[in-house]
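Chain nomenclature is as follows: A, B, C, D and E, assigned in order of appearance, with residue numbering initiated at 1 for each chain independently.
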């Protein structure tokens, strides 16, 4: 992880992303005017609003943003696991109609099959590509070894720790050998050291195979160290607020001051977004407090203010 | 004629309830007519309430009697004998007869069966293993020198629910069936069968009569309320007489009652032909019941013989009523 | 004899028009409406009782491994007994009364519900139980506020099985003669069968299926929809 | 009149010694061993068939919302039908044959299994389905390798219900006398009842319960244990 | 989050923790010779071996260690959710026999009840302490506001994002108002900004109420910023390898060089541990590879070596 030379260049681009529709077909992924709404008892909630995004083949794009801003939702739209309410989502110029092994997802939760052992979970991803059982087992163990879990190949998910489960999920996604990797905070449950090792591994794979990677992370340093571009999302409405192209040479190290400086810039961007939320939220919470205890959990409505957080 | 209720009885002001059980069936016509005409109610007087219990199978009626939910019941002799023996002679007694006849062997058109001897190699249905028809059939086979397949012979005897018998007849899966009314009539009419043996013809020695339905009384009830049983039997006799004198009115009444109790009426022609093959009598036809028991023992259905049935019949109340009516006593 | 294997025989099997005629007649003379009303009353009482008792025993079986080991195999064994086995007991304990029919109905569904509830509880993800016990929920509160809701999807599925068992048992229980004024669907069905009156049998079958369909639409499917929506089980 | 509501009638309910005597006699003369063998053969065939067919229809109902909407209420409706409804059909279609009994048995359990499997599949946490579809699993592979195993705990519970339904239906189906040589437990039970031979009835009931207990111990509980252990459902 | 003055002092204490048994009764939590083993088809796996640990009332202890080393297991033992195979676990001198609301756990997975809305989930924790429904609702909303989720009070868990769910779980644990807070990577799913805000909140609660807190984290900087002590766990056998007392004044900021320097020391400690694992694991994986494909997923056995990670 020792890096010798670092250069930095940051370009803040305004959004909506200014590509023409014709050009969109040249992109690996092209989202245009994506809107996602969820309706529940509390009414319709708009999560993504007019999201425009083009990603080139082989690009490594990092996605950062406050909790609940719609990062997972955006990934789901690209994965074909969630259909946008409006807008077009294209992959290689063709509309995304459903999920497929060409777009592997590492979910925020490990999402392993509990009835399969670690190695069987990885094998599941290999079933369509490797017919021969021995070869498949060998390959699956190879991927498990990559996440340092070869010793636990025969363990069932409930016998693994949280971080180990997440690593099996990573191995499974890599085993799919997909065109596009959609990684939703894949390393959140891992210790810094394991994380570093896996990060290097992911970068190696990316560089060797030219996969397109979209990587959601809460670690801005990590985002800067990894991404060709870092997309900062905002809330209400959920959309891409800032797009930062990171033109630093690779490999980059999170410890390097250049990386840190860049990260700091992004964090400043994000902080304003989060300050807004915190203000909104605590205003709302305050309003709620006055009405609290009306007995109906499903009908929370607004009233006057109150102070927060002094109740313990 | 009996007086009012004994003053010695506990001062239960609530009227006594008599639970009377019967089937919505032609062979139970005496019960159906007597209840419909109010003959029983009149005879028992206003202090006694009659609760009607309609059953479709003898064993359930016996069960209910064992559970003291039936006091007086109309029932086939088979279940009556079983009930008597299973309770070691304690639960019930036969106090009168109700009907005779209404059973026989129907053969399917094209089956080639002309009499019992030609049943060899054929498939014959009976309503129930160990039941009266099964016993009659097997006894007849014995007399003809035949055996059923389960005894190493050639006649396949199948216990088949009467309803299924008709279907299987129509499908040609059965050659003959020993059944009771109204199934004789229906097999003849709807299954294109022929009645080859009218079971009454096998009972020449008892005047073409054999017990089809009898009246049983819960022994404890008889002990506690002999006077009610006597009044009931008086009405029973009255009803048998009335049916004899008014066959058309009676059969119509029975048809109506069946419709009322089961929600389903019998077609008129079926009712008519069934009626024609059934006789009504208050004579329990003791000998025929005991003969059945003998055959049953021979065939291995009963473990006990005739001697165990000593107290099965109690004709004292009936004969008491008959002597009041200046009629000949039943043996 | 050429018709030995025909699938619909006109003389064995009435056509739709004949069934409709029977249905019409049964409706007009009041047999069917009365029978439906009587049977629905009985099933309502019996099913609700079975659900209540079954849930209680099911919770105990599901939550206490000792009870489960002791009772669970017996419950399955008893549940296999056909309803006619319960008839004699019903008569002895309750006489020829409505309560006897109720008893048979309840006995038909009770253990099925117990088994479903207990299995549902035993299949709850352990994480919920850990969370609940961490928050100090135990005893009745644990049962009512955690175990039951967590097992609810399984319980609703089990309720459907219980419903089917209850109906089948009611049909058997109604063979108990109660009083002549109260012919339920079971008696109507049995009469049809006893008389080999297939159009009557099919008419009652139609009514029974219809009741089942309506019950599913009005109760079970609706409950399922609500629960699955709230639990987040609805597949997008 | 004071005993109208006694709790144990000696006529109806013979004591244990009498039941044991009957059991002994039945064992010695071979009635019971033969009946058990015959009924077990029938239930084995019927139950396995019902499980197979029920799983297939259940998967389709569970996986395809269109099928579910159309078939699920009907399945519940049909499942409420007592077995005697299927007897006439069995006789018409299969005559007096083993297949007629098999038909009644299968019809008794089939839809119960379908309902359980379909509910089990519909209650699978969506996350598994998302993971599976993300990996490109669809069609038969999705059904066999994801839906079925994910629903397995629910399916085993449903299988128990199916098992109970199958037995009850077999008891009814065995009233169709196929040949005098093959009296199953149903016929033995009915004969005891027809003769008001309660000790015979109770002896058969005992055997039935025993078979249920053994089946639970040997098959269902064991399967449950394996599955719950592997799925990580065993509460620590 | 701006900190003005920082002092640092690090004491590396050898383990086993050198307290006498008599003294142990004075501690809030006292673990002595704790052993935890799991048995599965693959045989018995020793997860914790002779763990000794004493925690004083009001202490803030951070737990770091590689993925799968037994951190969650250790927390479970203290929570009473897992019974140690041997050794004694005492709380206030009394043996821990089961879970209780005096020891709130924030699980690694959110573990919310899916049938309750966010506010109802928090209310569940309040049921035994607040009888009055209105007051309970008010309090629950207060806690939800603390994690900025007042607007989502009526939402059901599946309608929340991963981070939001985790925040509801935090609110729920705080609502229990426990003696001891056992937090298992509570902020893993949160963006850096939200994380910072909640960290401040947790520290405030800790300082105001004197709760004892055990905090599992993968972020060593965070551990140093928060803890009175940082415990470094190792694997095979799982035990506490290093214990570092952090004697820096509060509030501390992760950005400060003193904190970073301390963190770096801990990371060096940890790295050797992880290097050991990686070596072990990849050796094992290599051994497995040769035997791969023997058809039986449950019987993985060792053989000769092979290279790793070059198979994509």
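The rule we apply is simple: a contact is a pair of C-beta atoms (placed from the backbone, for glycine too) under 8 Å apart; a residue touches a chain by one contact, two chains touch by 3 or more.
Keep in mind that this is a model prediction, so the values were computed, not measured.
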Shortest path length from chain B to chain E (each step joins two touching chains): 2
Select, from B-D and C-E, the pair of chains that is joined by more C-beta pairs in contact. B-D
Using mean CA coordinates as chain centres, what's the gap between chain A and chain C in Å? 48
So how far apart, in whole Å, are chain C and chain D when each is placed at the average of its C-alpha atoms? 15
Length of the line joining the C-alpha centres of chain A and chain E, rounded to whole Å: 24
Give me the residue numbers in chain A that touch at least two other chains, ranges are fine. 81, 109, 156, 159
Residues touching two or more other chains, restricted to chain C: which are they? 4, 9, 12, 88, 91-92, 95, 190, 193, 196, 232, 236
Residues touching two or more other chains, restricted to chain B: which are they? 63, 66-69, 163-164, 167, 171
In the complex, chain B residues that touch chain D: 59, 62-63, 66-69, 79, 82-83, 86-87, 90-91, 128-131, 148-150, 156-161, 163-164, 167-168, 171, 173, 224, 301
Contact residues on chain E for chain C in the complex? 79, 81, 98-101, 103-105, 107, 109, 111-115, 124-125, 127-128, 156-159, 172, 176
For chain E, which residues are in contact with chain A within the complex? 38, 40-42, 64-68, 70-72, 108-109, 117, 119-120, 123, 132-146, 148-156, 159-164, 167, 174, 177, 184-185, 188-195, 197, 201, 204-205, 208-209, 218-220, 267, 270-271, 274, 277-278, 280-282, 284-286, 288-289, 292-295, 297-300, 308-309, 311-312
Would you tell me which residues of chain D are touching chain C in their complex? 4-9, 12-13, 72-74, 76-85, 87-88, 92-93, 95, 111-112, 115-116, 119-120, 122-126, 129, 153-154, 156-158, 160-161, 163-165, 167-168, 171-172, 186, 189-190, 193, 198, 201, 205, 208-213, 215-217, 220-221, 224, 228, 232-236
Touch list for chain D against partner chain B, complex: 1, 3-4, 6, 9, 11-12, 87-88, 91-92, 95-96, 175-177, 179-181, 191, 193-198
